[in-house]
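In the two assemblies presented below, chain A is common to both, partnered first by chain B and then by chain C.
Now for the complex of A and B:
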């Protein structure tokens, strides 16, 4: 702050007798010249960039040992992940190279599975709800829907997880899973009710509000003259929505999907609570039981194992997972930005 | 092509949730004049209409179910003494105390997080909107700042938590937590968790203030400049008062982000039941200490954690839910008082 010496700093020079801190204080107290104010605000703003840079650097540095030992091979399948994590946890400070063997394919697959299913469910739900809110709902209901969606978005994930583990999981475990399913899978995994199905349902509810908000905003930005034109041509309301409004906001729907995907990828707490937390890859060949099989995701694995972060091998493994999450969040945010570019034509700034 | 391709599936849902009332409601209001009578609609269009009603009403139903269920459990299990007694390590639910410490932990983290995020968010928004129109280099710089805040918004909280752990385990930053006997820095404390919480609160705060500044009409600035005010004086005397409600909205959204976050607390606050201080200096010893918040208390006491005291988890979750409801109400009130549409402008702080 004191670095800048604007040309109009005349009066300060007349007080050379005073100590340096007092002079600095005096300079701060007088009305600031614009250039200094701009520089100060800019410096504060750049802290955000610094944070992002530091985040990437720190996470990458700590994840490095995994890359150093196996390149990108750790993303593939192989071996039992729980044994590998166990070995890492027990490895001491000077861990041998074998302790860094990691194959995260089961949790990668679990993450993709949960995210894909939840997004597939959330897209129709959110688009239909947004159409309902903006185009169809009668006035009072529409005014009530906005706070409802906002509330749904702000329910903490731990509460979702709690409802899942104390209400939905026992329900699935007691009423939906049949004995024959339990017996058929007994040799591979124990079905308790916590698993893919419950996690997907709750995750859908968690990410739908984000999409509803973005799609609503885009729907609101469609010029009403277009709707009026369609009505004047004798098109009924629903056909106008389908052929005109939804087509106009297609980029917004895709962008909302991308954002919701990013949110779903990073969800850790809720999934760690309701997904059973077992290193297991649900197999679609198991029929309906597929939806009851437990699994883990990248984020929930980090949460489940964070207490072992003191062990250097496990630490670098967890940071490697975090780096993967960070990278996919970055890619998705760039993708979302590119998709939203055409929307700026309508003046939507999202 | 679009969502209506999937209407048969969603239509099946509608028969349970909102089918009959929706049909009755609409056929009784053909006077809206848009489109013609439902009778001329194709079957697919009618199904799509029903599906849209069902989707909207099911969102309402889910929200109502969550709020009512948590309220019911809260009234069932919440006792006043739980709010005022400290947690105890005990195997039985009767002896494990209340959640005074988590409550205070949530408050402390919120204060730290907002104290860091508010100046950061407001300064960034001011700089980008008011000083961003300089040369090409400055425009590029503002773009960089804006997109890095967007990246922070998209980063999962668990990654932010791990970043915080790596950052505060630096020996340079050992004063934030404490150095263990082996020479390693612990890296977990209220200050560390609060600093990372500020990253969670920053994006909604920034977006709220930025949109407020963009909405201030240009003639207000021009009037101030015409009176001979400098840019910074205009900011202080004209713009900041004009966007006060946006700042309030942003801070409220930030607070609701902070109190809802669990991953950062679990990783960065040491995850101990009782607040423990570190070092001798009063005040600083608390900031350097470890503890818990309502969210981590719920997490630990649910069957997923070690405690397995679901009744206390319900009670704490109820308190958390009440806070969330109040903050939502506050956002709504602020938006309404300033006659903004109250819609989802810029995601309504959701995104």
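Now for the complex of A and C:
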């Protein structure tokens, strides 16, 4: 260990009387040599990498029986997912191989559907409101809006879920869904109000503020000389925003979208509360009723079935879903990086 | 004394370990419990009272997790007692002893705007297995339109009991919503005039939903206690092999003492 730190100024005997932890703390407070600081901080960040690696390995090992049963076949469609989960649960401790049969397509599709729709809604909403806040809003309004958006971004998702199940779900169920829609679908699925539409709307509200906050910061980083240059060339404000500012912050928009998508993918509690809790794949061919149809996502399925984690087969299945979520988070960040590469040249980094 | 930061840190850790040791070494025997969320309120009250009566002799650590968690934990020896809200199943690990501690009724519930007073077993089966789709097929229904089935996730002990007591072990129709908890099921039924579901009697009593009678008998604690209401299930304390030591004393206290009987009678039904 390096002991090269110079002693602090002051007579040594005044420190002698202090307790041992206090003296240790004092040693830590002294300026560290570069080599020691580098090693210590390096160890901390290495620890983060180790944690990620250990977690992925652990989840993968626990999920292995699902792969062992049918390779990657469990990602596809086949049979009723709720029957499969019930079989897994009842198989208890000495589960036969057939208990590991799992086909997660409905929830994979549900996850993609909810996430895609929410992100598609949130991106234009967030970019437009960020442009308004930074470029067009009068000063006092801007100073009020920025903290409000930050606050919205940090609201815990269970609160959104609560509002969803107490306000939006009964509203949709009692006022928007018509009896003829219910009757037309009653043999396949029941429409109670909880479903795709409510989940997407709430998820959009949840992820948009994060994007607004990030895009606002990127807009603030666009050099004002660029705007002045545009104004000097006689370009009006809206055109300058379109042609210059928005182009410059494209990497930031991508980064914000990736973050928002990650939050949407992993959202469990809110979706478990408002999405109807049925293993069903909403069919766009059902017209408007499509938006009322219930579904489950990967994360909400884990939440809904965590009580059965004592059963070995179901535990493997839940770990397999977790692995899928980890994998999609990985794909997402790689995709975000690749998209940003060609945009970086004239862009503002975020 | 020259002390490096590293040795200071180990000193702190050592102090914590030494300080905690007496608590572990004392004569208090600790009963660990995990399992059913449905029986948690009852077991927690019983444990609280019991440790008050036996001050400094017994301590409890109670976790929830669901009936299946209780079964698995106690079978693996992770806890002293597993709480279970359903009858023993053939798939349960062998070598477990089930001690019934209390009974509770299961009520079929509907939305308040659909104040059905009673349903027969045949009607309930027709509704929950998906043979009836419309409320107009159910005489006495206060609403018209499709029936919305609200069920529980397959891990729920209450669902297992519901299938045994009402459906003759048939499965609930696949279109049913599967709520992860009794609270969410109650909320969905309260939201939706077309909904029908099932809850334990102390949840159904809370006034947010309409409790439907079964075969002409109203679903409430009094009728279940008198034996008129037949859809009654049990809570169990489960041990690996016959209960011994502190766990055995606790279980026999629940079974025999007047204090325990008083707690059980507030919302549940004593075993005998």
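Details
Heads up, the rule we're going with is that the second predicted complex is superposed on the first by the 289 of 350 C-alpha atoms of A that agree within 3 Å, B and C clash if a C-alpha of one lies under 4 Å from a C-alpha of the other, contacts with A are read in each partner's own complex, and residues count from 1 in each chain.
The rule is short, and it goes like this: contacts are C-beta pairs under 8 Å (C-beta built on N, C-alpha and C of every residue); 3 or more make two chains touch, one makes a residue touch a chain.
Since the model is a prediction, treat every value here as computed from it, not as a measurement.
When both complexes are overlaid on chain A, chain B and chain C end up clashing with each other. Contact with chain C, but none with chain B, is seen for A:91 once the two complexes are overlaid on the shared chain. When the two complexes are overlaid on their common chain A, residue A:273 makes contact with chain B and with chain C alike.
In the superposition on chain A, contact is made by A:124 with chain B only, not with chain C. In the superposition on chain A, A:82 makes contact with chain C only, while chain B stays out of contact range. Of the two partner chains, chain C is the only one that A:192 touches; chain B does not reach it. Look at A:30: by the touch rule set out above, it reaches neither chain B nor chain C.
In the superposition on chain A, A:303 contacts both chain B and chain C.
In the superposition on chain A, chain A positions 165-166, 272-273, 277, 303, 309-310 are in contact with chain B in one complex as well as with chain C in the other. Within the complex formed with chain A, the residues of chain B that make contact are 2-4, 6, 9-10, 25, 29, 34-36, 40-41, 45, 48-49, 51-56, 58-60, 62-63, 66-67, 69-70, 119-120, 123-124, 126-128, 131, 141-142, 144-145, 147-152, 154-160, 162-163, 165-167, 184, 199, 202, 211, 214, 230-233, 235, 256, 259-263, 266-267, 295, 298-299, 302-304, 310, 313-314, 317, 320-321, 324-325, 327-328, 331-332, 342-351.
Touching chain B in their complex are the following residues of chain A: 31-34, 37-38, 40-42, 44-49, 51-52, 54-55, 58-59, 61-62, 123-129, 131-133, 136-138, 141, 143-159, 161-163, 165-167, 205, 208-210, 212-214, 216-217, 220, 231, 235-240, 242, 246-247, 250, 253, 259, 262, 265-269, 272-273, 277, 299, 302-303, 306, 309-310, 318-319, 322, 325-326, 329-330, 332-333, 337, 349-350.
Within the complex formed with chain A, the chain C residues making contact are 1, 3-9, 11-12, 37, 65-69, 71-73, 75, 89, 91-93, 133-134, 145-150, 153-156, 174-180, 184, 187-188, 191-195. Chain A meets chain C in the complex at residues 1, 20-21, 23-25, 27-28, 80, 82-83, 85-86, 89-93, 165-166, 169-170, 173-174, 179, 182-183, 186-194, 272-273, 276-279, 294, 303-305, 307-311, 314.
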